[in-house]
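Just below sit the structures, each encoded as structure tokens.
After this come two complexes, each holding chain A, first together with chain B and then together with chain C.
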Partner chain A sequence: MLKSKLKGMSRELAVLAALILLIIVFSILDPVYLTPGNMVDIIKQGTINGILAIGITFAIISGGIDLSIGCTFAIVIVAVGQLTVVGVPPLVAIVLGGILGAIMGSINGILITKMNLQPFIATLGTMSVYRGLAYVFTGGWPVLGIPDNYRHVFTTKLFGDVPNSILVLFAIAIVTHIVLSKTRFGNYLYAVGGNEEAAKLSGVNVDKTKIIGYSICGACAAFAGMIMLANLGTGEPASGEGYELDAIAAAAVGGTRMAGGKGTILGTMLGALLLAALKIGMIVIGVQSFWQFVVTGIIIVIAAYFETIQDKLSAMIYKKQEKAAAAAEK
Partner chain B sequence: MKKLLALVLAAVMVLSFAACGGNDAAQTPSTDAPASDAAPADDAAPADDAAPAEDEAPADDGEFNPDNEAGIMIEDVRAQFGPVPKPADGTTLGAVAKQFQNEYWRTLKEGYEEAQAKAAEAGVNITIDVQAAQDENDEQGQLAIVNNMINKQYSALMLSPISDGNLVPGVESALEKNIPCVNVNDGLIKNAPNFVGPKAIQNGELAAEWISNKLGGEGEVAVVIGMPKAFAARQRTEGFKSWMAENAPGITVVAEQNADWDRNKAKELADTWIKNFPDLKAIFCNNDGMALGVVEAVEASGKDILVVGVDGIGEAYDSIRAGKLDATIDSFPFYKAQIATECTLRLMAGQELPRVIWTPQALIDSTNVDTPAAEIINWVPTEYAE
Partner chain C sequence: MKNAVEFKNISKNFPGVRVLNNVNFAIQEGEVHALLGENGAGKSTLLNILHGLYTDYEGDVYLNGEKVHFKNPYDAIVNGKISKVHQETNVVKDLTVGQNITLGYEPKKGCFVDYKNLNDTVNNILQRLNCRFKAEDSAAFLSAGEMQMVAIAKALFHNSNVISLDEPTASLTTKETDALFKIIRELKANGMTVIYVSHRLEEIFQICDRATILRDGECITTLEIDKTDRDELIRNMVGRNVNAVASRMQESRVQEETVLEVKHLTRNKVFYDINFELKKGEILGFAGLVGSGRTDVMRTIFGADKKSSGHIYMGGKHVHIRNTQDALRHGIGLLPEERKTQGFIRYTTNTDNIALSCLEKFLKMGMVSNDMKLKNCEHFMKELNINPKIPDFQTQNMSGGNQQKVILAKWLSTNANILIFDEPTKGVDVAAKAEIYRLMEDIVASGKSVIVISSELPEIMGISDRIIVMCEGRKTAELLPDEFSEETILNYAMGGKKDAEIQA
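On to the complex of A and B.
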């Protein structure tokens, strides 16, 4: 029973093993790396990318992509920033921010389903629209003077060096994990991404499923943005540029299949942590910036290649078993 | 699993190789930075019209680096050529900035508008049309703006290209039509006859000198780089490091990393550094946005680490007033635009200015944060001949 469960998680275990190995190697290269402070930092710096990646995992599992998350992120930052500055209570602002993100995500979903647009093109469009709106709202100026009561919601440290934002990351991860693995919506999402026609024929409301998936994606982008707003104390309309690519990388490293139908929150989380551990490790041992791009890219490619190897391996094992079964029949 | 292990180990090898490569590269960047022009003054550091370092034969081999040119300040131009000859009525100048999402370029735009207003006060009727690319990736769009200005037969162009190459064709066709072109601030246009802007390398030198004084010439410092592809980022870092190497042997640059001009990335970088370099005493950032992110990390750590930025944006001034950011290097885009306009009008009148005109920059800290900029740089508005 446990064995079969572990087998189903082989991909996650592989990423976990890679993460542990990475930490060991960096600790050997520089023992300073293995301090609790650095370990907390890995999670802390994986938080924003992690939440964005969790969101985009929903879009990817549905067979799509969301390029607009970095811009949803920016709009929520300036909007929530403005709300808190005019004195809206932090928790109200956070709820409104989450709703705003979900609405922007659902707009993507509606464009993709009701107007039948390619997800890549639809979100490329909204990416530009959202970024533009963030500039229009602010005139390009940052929102300054975010009140401390808002910032403390995410930055207060409950115990040790662990800020609330990390707890938010884990809360989001747990909730989304349950949604994806235990609910009917989760099953539908995998079905839609795996084979849309088949899902439709078996009575799944494809449009609704996708729209919900994209709104979860938008809501996640909103939470990531609100955490960054708290961390920095300033809402810049230019923030989040290029973050969608980091999020896609985390999801890919974590084993999310880009064609849809496959992927888990645990995998994505581990992917985000792996990238953060790599980034911090390279800073600690002093790898020059130029090389960091190269190394990060290589890791992503290796992770993708591992996916192929794994598929081949399981195909081989399946064949062997079949042969053995055939032999036994004889 | 074995395969994965092998792959990860391969990656690690690449990595350690990269670490070595990184160290090498950190040493190599040209140390031919102009010596001798480390700005003396503490606050304002305008004129360093000292002769350029000897080792720089005016490079005609294609590379244009204004930092290596014998530039002069606007005061010298004025002393040499007198008041600005009045341009023809209805002269239209075109100014093209990188983008208006950034406060720096918006302030430059205000400077151009001020130049136009001041000219009007002096009875000089000119129009300055200020435009910018959509964003900093819109290289073709910026060229289209320039071409449009050429087609409209503007009298002269003041250009701040996104990259070192994207406006070259525009300048070519403008020069063919005898429209004077002035390269303002950065990036660099090789074929533009004149450059008006700050000495980027001096920027890092001012920061280095200030930090060194504050630390008493001892301690560990780190540098947050912008995009390494940007000329200004390279020169600022270079100026900082070479000044330290030459003048402050007790100070070591223990880390330098790129943060893509991104505030959050800079903050996270600083978070990591503060933990791993417990003796870190100062962090120099290639711009204010990143410096303000670093300030958050320093505040959270409760440590006493100096943070210095570059640009002098409003938020940086506020942060200095609030006692958070320690200093910024302001290159006064508001006045830079007025200097650029003045130089352009002089060129149109046929005055033969040197290729490079330096614009003033100064270090702003708690001692002079409330001093008006015009006072810091001794600004005298453009004077027109009768």
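On to the complex of A and C.
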């Protein structure tokens, strides 16, 4: 049973192995890397990208993509920033921010399902609309003077050196993992991404499933934004630019199939941590920052190539299994 | 008369099946030669061999007395001067007509395409064909008939001597068909050899000189069209050995109660005014040629396509099925024809594929229980004898028959009491076929009802309690077992309207 479970997670194990290998290599190059403080830094670095990547994993599993998350992120930052500035209690502002993100995500979902738009184009459009709205909302200026009571929600350290934002990351990961693996919606999402026509012909409500998927994606972007807002203390309408690409990279490294139907939260989390560990590691050993882009890009390409090899291998293994089964029958 | 094409001892195997067995016949130069046979008789395979699509076959093909073995379709077109007009013509909509016709062989001036030369050459050909469009026109706005002309023009551009038309009139209007026939007669007058595949026998009598009939991969006979009639052609197409026929092992389970009634169901431009009843415990067959609208009727009943008008009643009550969820709720299940693209989810295990349509049954405190899914899967693997019996196995890696059983298990897991099988034995080996027939009998024995679409006449006659025949989107006959015969069904399926009126 354990063996078969592990076999199903071969991709996650491979990413985990790569992560451990990376930590070992950097630790040898510079022992500072292995200190607990640095480990927390890695996770901190990975928090925002991790939450965004979890969100986009839902969109990708459904067979689509969401390019607008960086802009949803920005809108939530300025909106929640403004709410807290005018004195709305932090927790109320956070709930409203989450709802706002979910609504913006569901707009993407509705465009994609009801208007039958390509996810890439639909979210390319909303990406620009949301970014524009964030600027319009603040007149181009950042929202200043975020009250400390809001910032403390995410920055307080309840356990040792670990800020609450990291706890939020893990809480979101656990909840979304359960949603994806244990609910009907999660099962349907994989089915829709794996074969939309077959899912439809199995009585699955394809549109509803996709819209919920994009709402979760938007809500995750909102939470990432609210953490950013707490960390920086200002609501910058230009923030989050290009974050969607980092999120896609983390999901891809974690084994999410870009064509849909396959991917896990654990994989995406490990992917985000791997990219963060790489970035911090290169800073620690003093690699020129330009090279960091090059290395990150190479890692993404290797991960994608690994995916295609893995597909071929598993097809070969299955064929062998099938032959063996057929032989056993005779 | 010289032979333009000659087939000598042609045989071809697909994994597990012999689709052509020792085919011998010749096509004379300058004749229009019909290739006839039921679905699956081997016509398309033979054409694909002739046109270089299949290179791996036994026997020899002679072209103008010379032995040829084309490496690919382009080799056949360019070196063999032999072209095929496909059932679905391939036109690149973003190019002009001229670019389409010369694609890959554009006249050049230096390293640039010589468009003046190109358009002049093409316009000459189009003029010969009496086409109203020009080489410079965009291909995006061509009608089905015009696309057919583009394909024929392409054959002329390559100076083809032999041209095959595979169901050329399937998507043409009557007027377009007449125009096409005029062109064919002109080509023939100019010495062109035409191979003509069609299910419409009237056309064969209008346009063809001789007809070769294939059945189950064998060449039955070649007949002169002047000296034969419709009956003789059909008789030669269907006559087969009786052993291969599917038959019922249990007695009929048809009960009085009507579980499904369809009235005046129409989906514009696809099918019209379909009426039928389905009884409890009945296996109702839907016969007809590929493209007659059977699948579309079923998809519409199942809510996968929208109806234009008409009503559906279940158990006497008017029901509204707007989407597949509604169908599922009303207890209708569909096993689609294209298993790979429509039947199951890729990268997904048998357990999950079987559980997909009834996840609400496997909830434990609001969460989907993997154990319950697994138990359900194991239950059906045993009950339906699904092999290999590995719940974790990905469905896409199983054999066709077992995939079909996984899809069946999915519907049996739900409360569906009407199961629609669309070509359930397509691509399934003989042993699995027999098993699927037995399963269908078990299903009706348990008080459920089955609708089965099949293009294999012996199959549908063997298992159905009643057969509805469709032709070109309309119901042409409803037959009871004592009226079942391949000749009758084929006659209605090919639009034998006269007889239908007499019997109705």
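Rule of thumb we're sticking to: the second predicted complex is superposed on the first by the 321 of 330 C-alpha atoms of A that agree within 3 Å, B and C clash if a C-alpha of one lies under 4 Å from a C-alpha of the other, contacts with A are read in each partner's own complex, and residues count from 1 in each chain.
To be clear about the criterion, a contact is a pair of C-beta atoms (placed from the backbone, for glycine too) under 8 Å apart; a residue touches a chain by one contact, two chains touch by 3 or more.
Model, not experiment: these values are computed from the prediction.
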(request) Kindly classify A:Val287 by the partners it touches after superposition: chain B alone (first), chain C alone (second), both, or neither? (result) first
(message) By the touch definition at the top of the document, which applies to A:Leu29: first (chain B), second (chain C), both, or neither?
(response) first
(message) Let me test your reading of the model: by the given contact rule, A:Ala17 touches which partner, first (chain B), second (chain C), both or neither?
(response) first
(message) After the superposition on A, what does A:Ala238 contact: first (chain B), second (chain C), both or neither?
(response) first
(message) Contact-wise, after the overlay, does A:Asn164 reach chain B, chain C, both or neither (first, second, both, neither)?
(response) neither
(request) Figure out whether A:Arg184 sits in contact with chain B (first) or chain C (second), or with both, or with neither. (result) second
(message) With both complexes overlaid on chain A, does A:Gly194 touch chain B (first), chain C (second), both or neither?
(response) second
(request) Please indicate which partner A:Trp141 is in contact with in the superposed arrangement: first for chain B, second for chain C, both, or neither. (result) first
(request) Of the two partners chain B and chain C, indicate the one touching more residues belonging to chain A. (result) B
(message) Counting contacts the way the document defines them, which residues of chain A are shared by the two interfaces, the one with chain B and the one with chain C?
(response) none
(message) Give the list of chain B residues in touch with chain A in this complex.
(response) 1, 3-5, 7-12, 14-16, 18-19, 21-23, 25-26, 100-103, 106, 225, 228, 255-258, 260, 262-264, 267-269, 271-273, 275-276, 289, 292-293, 296, 300, 315, 318
(message) Please output the residues of chain C touching chain A within their complex, sorted ascending.
(response) 302, 304, 323-325, 327-328, 334, 336, 341-348, 352, 355-357, 359-360, 363, 366-368, 387-388, 390, 392-394, 397-399, 410, 414
(request) Spell out the residues on chain A that touch chain C in their complex, using ranges where they run on. (result) 4, 8, 178, 182-184, 186-188, 190-191, 194-195, 197-205, 257, 261-262, 315, 318-319, 321-322, 325-326, 329
(request) Could you please specify the touching residues of chain A with respect to chain B in the complex? (result) 14, 17-18, 21-22, 25, 29, 32-33, 35, 37-38, 41, 44-45, 48, 135, 140-142, 144, 155, 228, 231-234, 236-239, 241-242, 280, 282-292, 294-295, 298-299, 302, 305-306, 309
